[in-house]
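In the two complexes below, chain A is the common chain; its partner is chain B in one and chain C in the other.
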Partner chain A sequence: MATVQTDQVTLTVNGQSVTVPKGTLILDAAKKVGIDIPIFCSHPKMAPVAVCRMCLVEVEKMPKLQPACAVYVAEGMVVKTTTEQVNKYQKGVLEFLLINHPLDCPICDKGGECPLQDQTYQYGPGASRYQFDKAHFDKSVPLSDKIVLDRERCILCWRCTRFSEEISGERELALIQRGVHTIIGTFNDEPAQSAYQGNWTEICPVGALTSRQYRFISRPWDLDRTPSVCPGCSMGCNIQIDARNNKIGRFQSRENVAVDDSWLCDFGRYSFPNFQRQSQERPRIRRGGRLEDVSYDEAIAFTVDGLKRAGGQAAGWASPADTNEELLLFRRLFRDVLRSPHLDHRSATVVDAEPGDMTLSIADIERLEHVVLLGGQEVIDAAPVLHLRLFKSQRKGVTVLKVGAGQVAEAVAGVSPDCTAVGILATEANKAAAVDLQTKLQRKIKGSVRRLIVTTGPNGRGAKDLGILPHLGPGYVALNGQAGTGRTEWPGAGLRALYVHESSPLHGFTPTDAESMWLPTVPLLVFHRFKPSPLDEMAHVILPGHAFTEKDGTVTNMEGRVQRIRKGIDAAWVREDWLVFQEIANQLGASWSYESVGQITSDLVRGLPPYMAVNQEARVLWSERP
Partner chain B sequence: MALREVLLGPIYIARALLTTFKHNTRPIVTIEYPERQKAVPPRERGKHILHRYADGLEKCVGCELCAIACPVGCIVVEAAENPGERYAKRYEINLLRCIYCGMCEEACPYDAITMGPRYDLADDHPDKFIAVKEDMLEPLSASVGDTAVPSGAPSAQPVPRKW
Partner chain C sequence: MGIKPLLTKDFATENLKQLAVYEKTGGYTGFKKALEMQPDALVDLVKASGLRGRGGAGFPTGNKWSFLPKGMYPRYLVCNADESEPGCFKDRYLMENSPHQVLEGILIASYAIGCNLAFIYIRGEYLPQTEALEAAIDEARQAGYLGKNVLGKGYDLDVILHRGAGAYICGEETAMLTSLEGYRGEPRLKPPFPAVKGLYGKPTVVNNVETVCNLPHIVLNGADWFKAIGTPTGSGTRLWCMSGHVNRPGNYEMENGTPIRELIEEHGGGVWKNRKLKAFQPGGASMMVLLPEHLDVGLDFDAIAKAGSLAGAGAMVVMDETTCMVDAARRYVKFFEHESCGKCTPCREGTYWMANIFDRFEGGEAKVGDIDLLLDIGYNIDGRSFCPLGDASTWFPRSVIKFFRDEFQEHISEKGCPFKKSVQEAVA
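Let's look at the complex of A and B:
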């Protein structure tokens, strides 16, 4: 019988026929028809090793049980996952694992969300026949200042060691000793240095690797989980805010293949204490040299009064951690209501912005032939999860070229002329060099050259897109003849008011030396922020606002992907930031009537059609302007 | 009719008095509370007690299994870390909401909480019915001798582990 040669394979799992591409694992084929095979060592992002033997299944015509996580499907394969023999082996594997695994679930941070616990209940034996003392290893070993290792609980699934070898490429964790003495650890027991250690705790199928910060904080069933976006950098990794009693306990990763590939860096993951409120504070205004507690209405009236007097001489600084909705109102407040062009979101480094900065998407790095990392480690430090993507690309055969910011000539020389796709990654500070390199490479090679500029703050890109810049309007339209002054020029510009809005202490308004001299001389300094800071000393009005983790809205990551953030912590006594903007604008003569963040979002999309992407959490695509 | 009742009246009264005097000879069931206290059965489910190990260390590790087993949700537990060990930093029971069912006792993997014999829990303000850890902890003297350590602080000696 002639069969058609395809790259599809049809097999039977528990009597159900399933067609999958060649090279699929039995495990994934079974998952496709909703059949659950228990696993410990297998991880979808890592190569199979089949060390835990939990996923053993019966395959017809094969003499022994086969590990479903390591056997690829074949045409006509008949797989059975629920036979008596499979059940017997699953019980056996679990009984062996539990011989030395301590039953200290009540004090284990993983208890309640532990695959070993769950699978023992589902597939395991009810009791152990082992009558001797369990093997004892070291408990609560500090692997680094972030991670606690419990060697007794480890079931040696190799997930963490494989992560450190295959995903981050740091090869920091390893299996030490042999046989029953096997433990995991670092070389010479030195503290782990990796910037991605938090992921170990997340992939660990038992409570062997736990987070120092989350230690004994909560049980998983106590947590309120809110999907959001990491406030750490412009990568825009998807996170889940796990809070207990309105206090953040941890950030967990949430897979988004296009952005984070299910990983987080430690900088972002452990940044949540910055978003913890210390006290409930009220708005304050400076009267007779000292700050007094007042109501929101009074503080807003005071601000309006000052802004009215400043008019076009009022400057506004919005942090790159604000949501797009806030930035839209902020821009309108300054450009349309106050008629002031002095708007900025940048810190000391002043860089130009254009849509061409994000022609390369994060996921596309894998599909390039050559990546030039202009500035080397600088780029990784600005967005650490990029390293994981680069390492993955490297394993796929992409050449990664790390050069210093000034070494454009070396970078050009390093790329061969018959390259078809080249990408350039650089930080904002090195943007000029990146553009220079792009033009030179474009002249040298036939293929496409695209660049991705790593912006600052979780919404630095949104701030640029929405025109929180002195010389550009929304959508990178030049403000002809109406350009204002940028942050670095403010100290000498004779401004009469400064409105600072920040919602993340990680991306706040840190005064430079020149600004420290200038700030006390500004007639009105409005500081709209969420946490006390040194700037309070100089402010005339302090308006408490919401933190990044306390509000709804959208943020745009460095590649222009618009993603939603949601309220993970409820700070109801604080008036919503956008509502404050609206009240200020209305008292200055505007007639805004937004009732929810959603209405602002739809207005944003109407005014700036590329932001339609917000509805699909997709990328904003600008047609490039010359 | 009426005359008959008049004539039989004394007999009715005598019968009633007989009942009264019969009860006089029976043992007294009421006690002089609160001067005298009733003996409670050994498995009485009264106010909760948090136990300690022989060396004075609290048995409770703050695993919250009691809180999740509680059918009325009257238990709040928050754990914290003493070097190397987990303990309940906060342990509160709302005694007004508690139905004294004893599920917490059954759920506890360390036998740290049991229902005690105390039933005289009346008070004059709802706030006073929130039992905090100190209200329920066994006094140190009850379980330890001279080697007592202060409440809440774990001992320096290794703790007997159940697992």
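Let's look at the complex of A and C:
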């Protein structure tokens, strides 16, 4: 009989038998049966270093206590995590960690969500036997304009330095000096430049690295936490909106291995002040050249009146930060109710979007052999967390080729013919070159070639999928002679009304020079937005709307993954944006009767079956062809 | 038993540093003989000789070589010349007197393990020794012992001499490799062991200077000859670096197994100033203290271990009856506190705390519970730290507490150091 080859290992942890794959750490095997081993330096995304020595456990037949974070399981291993020896040692190591720690928990931002504090309560000694002066270091050292370092609180777990080395690859943070004098710092004390510094604060197991924006803002237990999606770009990184007294304190990461791999970029993370509402304002309409406060009903009636007059000559611009639900109603308002084809969500003319733009998923980058970054750094700038995925891929052996947008020939030459899987990443502006490159590579190599186009805004992809385009309907169907004009053509197109809807100042309607000349001549300019902006000066109607962080709905990221955003801040005095759309449509003769965002989502899925993906937070796949 | 000059037998020869003189004493004949052998046969020979590493741990050298994974190249030999254990000065003695003997040993080891690039990591403070080795390497290169096609035998080898920057931790082999690669000198996680993943991620053997110096003699005279010297589990000789309160400090090459008494009383001329022996410490700063009752223990890894200490790197620090053992422990603990790399918590924080407590003893402010506190801190460091530096920082102080607890108590009850007081009184 053939012997069965198995890659599984069975061991016991505190008497409980557990079977795990070979190459599992003791720490993770224990976790599998619900046994928690305390850690500081260990981090699931980084290689074990075993420096903090918190996780030492007893392993039978091994004379010394073993670091559970660095020792791999073996068949028949007997692990004990709660013996007298382990308990005594855990008290000992926590006592060591605390002798030079300032214990200023009452004024520390981390207090209340601090692993050092929590584990001291759970495993530590009740009191310290240390009776000497603590070693003193610099406090509140500005590491950059984003981060402050408290060197006294630092327990030298190496997480931030390892992030800098293994995750972002920037090697900006390093250990300096040695022994008890060891500190964390940058080269020559120069300000840190990384675009991923916020992550340092999240992985810091003490209050050593804190965000300047969140400094002394809140205690963790006072925060209301809402799972949502980052409004920064089309990556769709998962976030948690932490708010106190209905004011955003910070954005925290929320792991989605398929998208963000648990990281955020600083652009997205620190963008939250943009979503902070400054005042409670009411709808306004322009009468006699002056804007005056009115009720929603009055403002809507004014809008309906103007739109009715404009009819098919009304144009609508919806922001790529709007939810799919808003976009669905917005499109139906223009296409079905007003019978106007002039719809857009873009700021410039770009090559048509098509389903083939997202045949490559973000997570699949790791499984490629070769990635071409067409446009180089400009692609990273458009979606910074992509860099972390690319660096991770590189460490796994993927070749990353960065070329300029015009260097298609160089990119083709850089990929060998026996390559099995190639990916192309480019921004919308360079899509034509990306398609050209894909065609050429497909001819050259025997494997697959897929592309991922980085769209604009957290829901630029959704806006395209749903047909917020002058010439394409939902699902990229042609409009058969019904095509309208796009935003760049609007000045001079004889339009009689423009309705601008935006949810985020990061992806708002910023007039071009031509538009600035044209806008004052438009008979009706409706501006539906959440925060005062320069465009207010030209608007005839201002409808306060909800910010990205103030509403429920779904957004679709660059790879077509549909994810839910949720209301993290309550602005109940502002009428829901979709309700305003419904009100306007109904006064223009429609008979919509949505009672909740959820009903719109259901309708969206019914009309556009690939959006079934929303229920799985999966990717919308328009076609199977590569 | 007794003095047995093997590595040091020609040290009286004038200009032994020069290649021609070294060759006249039979130098490089061992290497030439080795080149005629199959590398595997050399490994077997060294295994059969029972040679154990002289760096401190006493691991069998031949076994260490045979751990290299088959077929994985390049592989490196690193000769550990970062002699940094306080009380040890044997490697410098070997390097400054006969650099070619060190080089010949490296050549043999490299050939045996199939290495084409060897490194010597030398302690930064060893400037004359560095110069001696540099000159020797140049001479050897010109004479065809190094370079492409060594001695026309189709074997390539070069040696790179690298000076350390003065960190004790870089004597630990993985920290040394890390430092050699240009990073902070900090120990690495094991496994993977250097034999599998060492310098630049390649299979690496790390051998001490004294270890490689034995190789030419073993190759020339055979395993049986070597095994006949010393004890059954400790073949050969060792250089003992005697220092402290002894009449004739210095390096003594002793046959393994010779009683410690002979080394201290006969060759060292006994305790100085006609004082009595209070304690001695074999091995170096890390190792546990032994007492006069242990004088008949043999100079041998296993015998010293059985007596409760370790032979370590071959130091022999002699302490007379006027020694304050608390102060001796204090000095060593402060050394470890200063040299702790800071990588792991127990060593970084524990040595700092211990040093503070020892200062308190000498300053006359020690409290009743301090002795047990020291023991407890030691318990929480030993076996818990990342590398042996932390463990070793506790061995001497804990052994001193074991044997001289009353001295600690005196420091507490008399609010200060009784030895210093008596010296002060004597002076006054």
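We adopt the following convention: the second predicted complex is superposed on the first by the 618 of 626 C-alpha atoms of A that agree within 3 Å, B and C clash if a C-alpha of one lies under 4 Å from a C-alpha of the other, contacts with A are read in each partner's own complex, and residues count from 1 in each chain.
The working rule: contacts are C-beta pairs under 8 Å (C-beta built on N, C-alpha and C of every residue); 3 or more make two chains touch, one makes a residue touch a chain.
Since the model is a prediction, treat every value here as computed from it, not as a measurement.
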Which superposed partner A:104 touches (first chain B, second chain C, both, neither): first
First, second, both or neither for A:246, with chain B first and chain C second: neither
Superposition-derived comparison: chain B or chain C, residues of chain A touched: C
Chain B versus chain C as contact partner of A:6, first or second or both or neither: neither
First (chain B), second (chain C), both or neither touched by A:135: second
Chain B versus chain C as contact partner of A:179, first or second or both or neither: second
Partner chain in contact with A:52 - chain B first, chain C second, else both or neither: second
Footprint overlap on chain A, comparing chain B with chain C: none
Residues of chain A that touch chain C when the two form their complex: 48-54, 56, 63-65, 70, 89, 92-93, 95-97, 99-100, 129-130, 132, 135, 155-156, 175, 177-182
Interfacial residue positions of chain C with respect to chain A in the complex: 167, 169, 184, 189, 337-346, 348-353, 356, 360, 369, 373, 376-377, 379-380, 383-386
Parts of chain A lying in touch with chain B, wherever the complex brings them together: 102-107, 111, 134, 139-140, 215-217, 219, 221-222
Touch list for chain B against partner chain A, complex: 61-65, 68, 79-81, 84-86, 109-110, 161, 163
